[in-house]
Amino acid sequence: VSDFTFDWDREARTGTAEAVLCAPKTSAQIAAILAEAAGAHKRLLLTRLAADQHADLPEALRALLDFDPLSRTAILGSPHGGTPVQGALIVAAGTADLFAAREAARTLEFHGHAAPVVADVGVAGLWRLTAQIERLRAARVLIVAAGMEGALFSVIAGLVAAPVIALPTSVGYGISAGGTVALHAALASCAPGVLVVNIDNGFGAAVSAIKILHLSNGGP
Amino acid sequence: VSDFTFDWDREARTGTAEAVLCAPKTSAQIAAILAEAAGAHKRLLLTRLAADQHADLPEALRALLDFDPLSRTAILGSPHGGTPVQGALIVAAGTADLFAAREAARTLEFHGHAAPVVADVGVAGLWRLTAQIERLRAARVLIVAAGMEGALFSVIAGLVAAPVIALPTSVGYGISAGGTVALHAALASCAPGVLVVNIDNGFGAAVSAIKILHLSNGGP
Amino acid sequence: VSDFTFDWDREARTGTAEAVLCAPKTSAQIAAILAEAAGAHKRLLLTRLAADQHADLPEALRALLDFDPLSRTAILGSPHGGTPVQGALIVAAGTADLFAAREAARTLEFHGHAAPVVADVGVAGLWRLTAQIERLRAARVLIVAAGMEGALFSVIAGLVAAPVIALPTSVGYGISAGGTVALHAALASCAPGVLVVNIDNGFGAAVSAIKILHLSNGGP
Amino acid sequence: VSDFTFDWDREARTGTAEAVLCAPKTSAQIAAILAEAAGAHKRLLLTRLAADQHADLPEALRALLDFDPLSRTAILGSPHGGTPVQGALIVAAGTADLFAAREAARTLEFHGHAAPVVADVGVAGLWRLTAQIERLRAARVLIVAAGMEGALFSVIAGLVAAPVIALPTSVGYGISAGGTVALHAALASCAPGVLVVNIDNGFGAAVSAIKILHLSNGGP
Amino acid sequence: VSDFTFDWDREARTGTAEAVLCAPKTSAQIAAILAEAAGAHKRLLLTRLAADQHADLPEALRALLDFDPLSRTAILGSPHGGTPVQGALIVAAGTADLFAAREAARTLEFHGHAAPVVADVGVAGLWRLTAQIERLRAARVLIVAAGMEGALFSVIAGLVAAPVIALPTSVGYGISAGGTVALHAALASCAPGVLVVNIDNGFGAAVSAIKILHLSNGGP
Amino acid sequence: VSDFTFDWDREARTGTAEAVLCAPKTSAQIAAILAEAAGAHKRLLLTRLAADQHADLPEALRALLDFDPLSRTAILGSPHGGTPVQGALIVAAGTADLFAAREAARTLEFHGHAAPVVADVGVAGLWRLTAQIERLRAARVLIVAAGMEGALFSVIAGLVAAPVIALPTSVGYGISAGGTVALHAALASCAPGVLVVNIDNGFGAAVSAIKILHLSNGGP
Amino acid sequence: VSDFTFDWDREARTGTAEAVLCAPKTSAQIAAILAEAAGAHKRLLLTRLAADQHADLPEALRALLDFDPLSRTAILGSPHGGTPVQGALIVAAGTADLFAAREAARTLEFHGHAAPVVADVGVAGLWRLTAQIERLRAARVLIVAAGMEGALFSVIAGLVAAPVIALPTSVGYGISAGGTVALHAALASCAPGVLVVNIDNGFGAAVSAIKILHLSNGGP
Amino acid sequence: VSDFTFDWDREARTGTAEAVLCAPKTSAQIAAILAEAAGAHKRLLLTRLAADQHADLPEALRALLDFDPLSRTAILGSPHGGTPVQGALIVAAGTADLFAAREAARTLEFHGHAAPVVADVGVAGLWRLTAQIERLRAARVLIVAAGMEGALFSVIAGLVAAPVIALPTSVGYGISAGGTVALHAALASCAPGVLVVNIDNGFGAAVSAIKILHLSNGGP
């Protein structure tokens, strides 16, 4: 038995299911959690599962997982059935930000949401962004992934009426290494209506988007 | 004429009106902006208007303002008419956080929203929070204002299904002086679904709440 | 002979024995210290002994050690005899915090104390914590290990009368990478009675708990 | 009525009474809290009450307070009766640290404890410290207030068996301005058994000392 | 005689004249410098001269100065004669950034350059910027003053071929207080061709612009 | 097809071509970008291409690249033809700074500029610098690469009339690890006319130099 | 009686006398210390005595002090007699750094040393420094006071054989506000032989210089 | 030929020879420097030469080096002849600090100085330090290597008359990881006469000690 106390009731209580953050856990701890969930026939989302952590899992458990190396996510159990909920749009400033955008997309899909991604629309070539303006304005909530100086958060928030969830990424170097410049830019945005999550927290951005969209469908 | 370029169209484009952040402006600059807005018969929200900045304004302009010293906000023009939109709830961890909570409340009211405030429910006495649990769960979006270590953000996000907007405040001393500990705690919350704004940014928290509630009323 | 000057008198002087922090030492230095202690028939606690440092030790020395990879601790000499002293309780916010909790537990056991661990009671699911409330209130001193935003320190300190030793861990990512957010949250706690040690310092937390419990048994 | 929700039950629940941190509150908020407590015939400890905040209070409320400008504390209600509990000792590295040492002393006295202070024993003249060694070793718990580089925490913790609560102060300049160097030195101490509170948090240090001493008197 | 060693030769050596940074000097020091320069019949630019420092100067010296309180600059001696050199354009993100933009403008004018300012074109309303696009593209070097999140630097650098000198300002609050977020955003810009000066350093931005424009007029 | 949206028009719009920052991209992403560019018969500059990323590329693509391991740059397509544009000079404080100086040189060469490098002229032996003074003064724009304390930026800017682009490098250890001390020294320079780019950003320094030199050749 | 424990023996033990750092003390505390020293007929050096603290002292004590407002130092008792010890030289980068240079000079003079000051030799005009080269090389120990980017430390240390004590000052703004950039530059100097003291610590720089010069006169 | 410009004249000019900091250089660069120095029959000190960098050097060059892996130093050429200069003493707080202490010792030896090391005298067991008091007081200059909280700097400086060079080391974890806490403690020391070098900079500490001792032998 694992040391992990599952909060199976979380989805009923807060609207989204518990997920397992794998990065700080040992492979033995992850395997114990997976075995317990599989034994209980539960669906489970794993985030920050590095390729070598995944490779260290027992073959039998690995066979149960849908693993995506770019986003470092794995899903235990069958895909979410039914028609995907529409409304969310994910924007990635550059190719390098796709890993975080994809973590958000996988989280949305796990919960039964559509998760389209618009990639490589950084502000250094503004025309790439304005070419997508209608698509941006049609979304009911936007997740914007950007590293470096994070100018994209403010530019998009000034163009659309929907709430913008800024997902700063760790993409950068020198003064922007690790993503704090993008994070701070999101928090300091001169465009009101920017809501911010931790660096690379695609999971948290998606969970928040789900809660926001849930509202427009009659909840809570 | 002021150097200020009004973005009168912003409400149509993004759903909420432009506001004037007064702290970094001189009294002469604020007066010029107010005069131009008053001449155009526009409503205007002023934030971070310190008592001495307010006192420095010409008498004639001061007479046009509804000024609230605790939140350092002033409103030019008549109150928003019509029935207030319901759905937002503001929670303040302590008495000292009320200045920021009230900035959020004034912003909501300026845009025609109800803005009830639940005060002094910090986690050091958890019973104060659990006594309000039904009220918290009835809200469609929550703004939680807290300084110090900001534990309240995680605790509330673990209890409700609605999105939680964390509004870290500058209340603190020593290592938490200026509010960065509360800000970081909000970003690092182990409870998914916490969305964060800049320290003391009650205005931004309220604007985001309005955008979120707008969704559930059929927009965008 | 090692360059290490043993402070064999420390236990008599301060109530707890010297330990060897291995991380910043070379394997040759650790081996020399171990050889000297073994030659003098002394018990010794080693902390932060990485698996590869352990593997680099001479076979003969390794055979004398009780090594625990999760906590990276090793004990030279026989276990502490006698009935374990009761009173301490260790709480770990999540599975990922167990490495630090276990360093504290091993230190307590080395000194002849019982060291029960309550795991995975993070605040995102408050019911997991309240289900353990009687056990928490029965402890005479609590060590609480948590990373991320460290909200657990404040919540527990608001519920119990015993002193709470906050043991912030390096579990986190983005803004909370390395544990400074949890550390700062512990220091800034709005709940009085929280005492703080360095990040991942399970050894120091345990030594302090031993000193506190020593008081209630008639010392110093 | 104040916005403040008194936690009158806190002493029963956690062993020490609630106190009011005045620095971040307006004078009007402090006056409302005081009036409510006075009306309920409660004793109350106020901390971080600046001289000008004190002067701004209504005369009638000021007359009810025992105000100490050095520690910026005020006590509403009669002194604690009965024989003071012995065991705590407060050490101040320098004259400049006395403000924080005195906040701890006033908090101890408010709760019925003796609070002797040993002043000006900084490590630059070690003889001043060793001259007091017997007194230090007789204490059951020590609160050590120091700013600058905070070397005193480690030196004392290496000399005594009782737990040491490090109270870093904001005394310093240049790199040590605001007290973070002393705080970090306390956390990084090479002497085990140092427990740390926030910068200038004499109140928290005292509350923790009370909880620790409570143990040796049979509780919890 | 002042302790100040004039570098009267600097203009010949480096292309721009020495200026006196007044903020860290006492009024007596500033007065001595002014008296020496006036006695030598030299023109002199003073920067960061606070209104109260200006007021503290002897009446006779004050009479020789052209003082501008918004930019906190003063000029000793007659204006630069001749036709202003064209080519520089100053852009200010908001009204609050005008103080720094104006320091740049005054420095340009002191050296005989035209210094037009385009104000209030922040990215939250992108139309304000695109309305000025022809003017931006006609400039040979741009100085862009912005605080908060500094998104304007990247947006403009993506639109024009001329070099962009980012002048981050101290306008901001919370995480962006003091201007470090804008500074870091400028350095981390995803748009190549952004050159950065210290926060609020309008003087340095202008001196660099003069050197760049000097090139296109045949120098060095 | 790659997720990368080429901004082929950038050179026409801003004067310098787009480049691909490889460090934060996966080898698969880099390969897709290269394939698309090669298919379109475009020249392309790759920066921050680590040796192992380069080795991971398909053989066929690798054969198309001119790879330089010291500067971690690669060029797809033929060298720039024509006579190199003169005017830029690159100065490197020490041997260790050559990697960044060479990134600048490769970028200049890619765009058809000459890129001479003066190496190892750090200020600890000032004679090494003064021996090169005529060469420094003949340049129309200087790129100065330095790590450690970055004193070279100020010394050179005090000696020449041309604009100085400070390129702080990550060379350093202890307090200067990562290059922030050199970066801050550049920004705080007491010598006016220093323009700064991000740590190790040789590419950005070169692009800015090209824009500046473009001016003196009749543009924009 | 003061709470201050004089370390009258310090001069015999460590070579320099105790001084009183006034900034963090109340005027009442300073007055008590002065009265005790005056009563014991001791000489005493006071540092960081602000003008208003000085003005708050009792008239009778003020009459005993030689107060220097620029350096914020005061001396109780007669000047040091005898021929001043030669060997130290103080260099100040700019006029604004004189306050710290003068604190060092006053400390040297209090201990019987000559304390010549060379002012305004910042590196932006290197000729100002080279004009003084013989004087610099004749010194046996140099104290160099500089703020901003602190390039002067490295330049001087590369030119002389004597030890250089870097005295970083708080002169600066933006990124260099408070003096940390100058401090870090001193620590990271590429010129070996730079020894560093805390920001604005002219007293400590002088005490160290005295100890160094004491060596060459036969001690310890 | 290497890109390295030897400053062979440095010893004559500044009293100590140039050394080569290897960490930020490639093996090819180090080999070129060594070959040039060997060809010129020069002695040379290499610092921060990692074991793998050493292993990467050509066999022929490696044969010329006296390499010490603990201190990561190598010496090209014969040992310094003659009677070692006495006066310096190196103190290491713990076994883990020996790597830096040894870099200082090797540098002293390279220049013909004796370099005795006193190890493991940390303040947690003050008796270890006081047992060495006579030896400490006999030194003419002390280099004190300590990491963690760096309390040893202040304790020793309060006990001796000779100048103390604080050599903070990177030994630590959590808040003290990398050595900044020890560095800051050294700078903030309440004991005057502490001079500080960069973290792990044993070379710089030794060079400064040599300059100081040179004074007492009649120089400069």
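Should a chain be cited, it is by its letter among A, B, C, D, E, F, G and H, assigned in written order, with residues numbered from 1 in that chain.
Convention: contacts are C-beta pairs under 8 Å (C-beta built on N, C-alpha and C of every residue); 3 or more make two chains touch, one makes a residue touch a chain.
Just so you know, these numbers come straight off a predicted model, no measurement behind them.
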item: Any chain that touches chain G and chain C; value: D, H
item: Graph separation of chain A and chain H (steps between touching chains); value: 2
item: Selected interface, B-D versus C-D, where C-beta contact pairs are more numerous; value: C-D
item: Centre-of-Cα separation between chain B and chain A, whole angstrom; value: 27
item: Computed distance of Cα centres, chain H from chain E, in Å; value: 45
item: Rounded Å distance between chain E and chain G, as computed from the means of their C-alpha atoms; value: 35
item: Multi-chain contact residues (two or more partners), chain E; value: 13, 124-125, 157-159, 172, 174-176, 180, 183, 187-188, 191-192, 198
item: Touching chain combinations (by label order); value: A-B, A-C, A-E, A-F, B-C, B-D, B-E, C-D, C-H, D-G, D-H, E-F, E-G, F-G, F-H, G-H
item: Residues on chain B engaged by chain D in the complex (per definition of touch); value: 70, 92, 95-96, 98, 119-121, 124-125, 127-128, 147, 171-177
item: Interfacial residue positions of chain B with respect to chain C in the complex; value: 93-94, 122-126, 148-151, 153-155, 157-159, 172, 174-176, 180-182, 184-192
item: Chain H-facing residues of chain C, complex; value: 2-5, 7, 9-10, 18, 21, 23-26, 29, 33, 48, 168, 170, 178-180, 183, 198-201
item: Sites on chain H touched by chain G in the complex; value: 13-16, 19, 137, 140-141, 157-163, 165, 183, 187-188, 191-198, 203-204, 207-208, 211-216, 218-220
